[in-house]
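Shared chain: chain A. Partners: chain B in the first complex, chain C in the second.
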Partner chain A sequence: MANPMEQFKVETLQPLHAAGYDVSYTNSSAWMVVALLAIAIFLFVGTARPQLVPGRWQAAVEYMYGFVVKMMDENVGPEGRAYVPLVFSVFIFVLACNLLGLIPWIGAFTPTSHISVTLGLAVIVFATVCVVGLLKHGLHFFSLFWPKGVGPIMGSFVCFIEFLSFLSRPFTLAIRLFANMTAGHVVLKVFGTFVVALGSIGALPYVFGVLPLVANVALTALEVMIAVVQAYVFALLTSLYLNDAINLH
Partner chain B sequence: MDVHSAAVIGAGLAAIGAGLAALGVGTIFGQYLNGVVRNPEADGKLFGRAIFGFAVTEALGLMAIVVAFYLAFAK
Partner chain C sequence: MFVVPGLNGVCTLDKDPARHGASGGDLDRRIAAAEARHPAVPTPVAGQGENQGWAMGVDFVGVVLVSAFIGWAVDRWAGGHGWWHGPWAMLGFLLLGFAAGVRGVMKLAAKGAGAAGGSGGMAPLPDDEDDD
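Here is the complex of A and B:
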């Protein structure tokens, strides 16, 4: 029986080496390019001929953009408008990677099911938060870790914990997305093997295979929801972290 | 017991953590629904917070899943 982890194998399509590092063009890179093309087509077609009363495609683009703008306005305030492009890019890239990986065609691959990809995105967010906070507030940025209205002993203890939780942010951000995608795809493929195993009972072929197939359809619907929710969560946490850096607290 | 068997059993034990996170996620969405039923107009505000709490809680369960994956598949 096929190993459910096989789908996460990164295969080299075009070997490349630069400065002693392996920077080969892999199926992961190929799927990120597919995601970028899908996003580009979606946004270009939606904004090609803008009309006062938007058509269906333009309405879809406007809804997604408005969704991110509203989230930034609610969580960060007026100063958050400058970071809408960053959050929108991260949101739509994660969403496209998650959704394209769910389509069960041959060679399907989800770039966001690899921690190297999600950690890369999370480090971009984390670095932006640190740079924005330090540029905007200078050394006053470190008051983020100090709780208000607490004595010095308790304060230094809480400060230490806050600092650790701040440092763990990029890792939790990356692991949340990666583990969700990995676990979801493993479950789908495990149920896929159940279809074969139950459907190949000698006395009554095909009949019992229907049960895990139905479960798999329902699970695919759940996975589509999780793909959207995780992209939203990634963008939401990005906006909350930016809020910490911009407004302190 | 050889090391591989112990690792597979450990992976199964680590997966218990995901079930415990399910308790937390269920509590969060239960309380969210409770709040929305009591005050439907607060839905917009509560939804974002519920999703935030869900994300933070779920991350802890997923740590357990990652440990399980590591024990089961990393060799």
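Here is the complex of A and C:
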């Protein structure tokens, strides 16, 4: 039986070392490059010959951009427009990685199923939130943690608790995406091995083998939905965290 | 070419040049009229409850683990000075992280109950945070 975790193996394609660190070019890096190329083609073709009445491709690009702009307007307000490039980049990169990893070609790999990738993205978001908050509000930024209408003793206690949950944000952001992607791909692979295992036993191989195959088709549809929803959730939480930094309360 | 959702789910192409005039406000008015004829029905999204459960679980576990890690780091740092013994900082931070996790879940549950109409949900917490 095939190992369901084998699909997550990071293989070094070109060994590289810089300042004592292993920065080798891996299949994970390669798939991120593929995702970037796919995004670049999507956006360049969509905006190459802009028309007043958009064609299908241009409409798709405009819809995705408008989706992020609307999300920022709703969650942050007019000041959120300055951060649309960041949120849009994060959103479309996560979406491209998630969706490209679902296509079952040889050597398929999902970079977002590795916590090093998702944590890297989450730390970028977290650092942006901290820098924006401190630059915009100075030390007043820390009033974000102070609850309203509470005495000084209870207030400092709740303030500390709020600070702990603030510190855990990049990790929960990273774990949510990574866990969803990993779990989904494991389930798909396990049901795939069921097709082979059940299809090769007994007198009625097609009867037993068809059941997990049907389940796998349905699960693939579910995984496509999860890939989109998780990219959306990542971008949504990014916008909510930016709202904290920009508007405080 | 303007696609109008017709009756019985059939999309009809509006090719009448008279209704395609250059009057810009006409299109907005017709869209508004079409939307009034077909009121948006809020459809329950599949897996919404599941997503909410995931969010609660991940937030809770995440904040407990991160707090415990901070306590562990404090222990490690203080342990080098000789006067500090035992994993007390880790235990203390673990409890604080638990409190933070419960607070986060309560906030999320209160928000979810408000969005779901509040039937059978938890009473919303006093609005002391930025959850808008």
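Criterion: the second predicted complex is superposed on the first by the 247 of 249 C-alpha atoms of A that agree within 3 Å, B and C clash if a C-alpha of one lies under 4 Å from a C-alpha of the other, contacts with A are read in each partner's own complex, and residues count from 1 in each chain.
We take it that contacts are C-beta pairs under 8 Å (C-beta built on N, C-alpha and C of every residue); 3 or more make two chains touch, one makes a residue touch a chain.
Everything numeric here is computed off the predicted structure, so don't read it as measured data.
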item: Joint occupancy of chain A by chain B and chain C, clash or fit; value: clash
item: Of chain C and chain B, partner touching more chain A residues; value: C
item: First, second, both or neither for A:Val87, with chain B first and chain C second; value: neither
item: Partner chain in contact with A:Ala231 - chain B first, chain C second, else both or neither; value: neither
item: Partner chain(s) touched by A:Leu100 [first = chain B, second = chain C, both, neither]; value: neither
item: Contacts of A:Met72 with chain B and chain C, given as first, second, both or neither; value: neither
item: First (chain B), second (chain C), both or neither touched by A:Leu164; value: second
item: Chain B versus chain C as contact partner of A:Leu121, first or second or both or neither; value: neither
item: Which of chain B and chain C A:Asn180 touches, first, second, both or neither; value: both
item: Touched partner set for A:Leu248, first chain B, second chain C, both or neither; value: second
item: Contacts of A:Thr172 with chain B and chain C, given as first, second, both or neither; value: both
item: Overlap of chain C and chain B interfaces on chain A (superposed complexes); value: 172, 175-176, 179-180, 229, 233
item: Chain B-facing residues of chain A, complex; value: 5, 71, 74-75, 172, 175-176, 179-180, 182-183, 229, 232-233, 236-237, 240
item: Residue numbers on chain C that touch chain A, as the complex places them; value: 1, 46-47, 51, 54-55, 58-59, 61-63, 65-67, 70, 93, 96-97, 99-101, 103-104, 126, 128-130
item: Complex interface listing, chain A residues touching chain C; value: 53, 144, 147-150, 158, 160-162, 164-165, 167-168, 171-172, 175-176, 179-180, 222, 225-226, 229, 233, 243-244, 247-249
item: Residues of chain B touching chain A in the complex; value: 48, 51-52, 54-55, 58-59, 62-63, 65-66, 69, 73
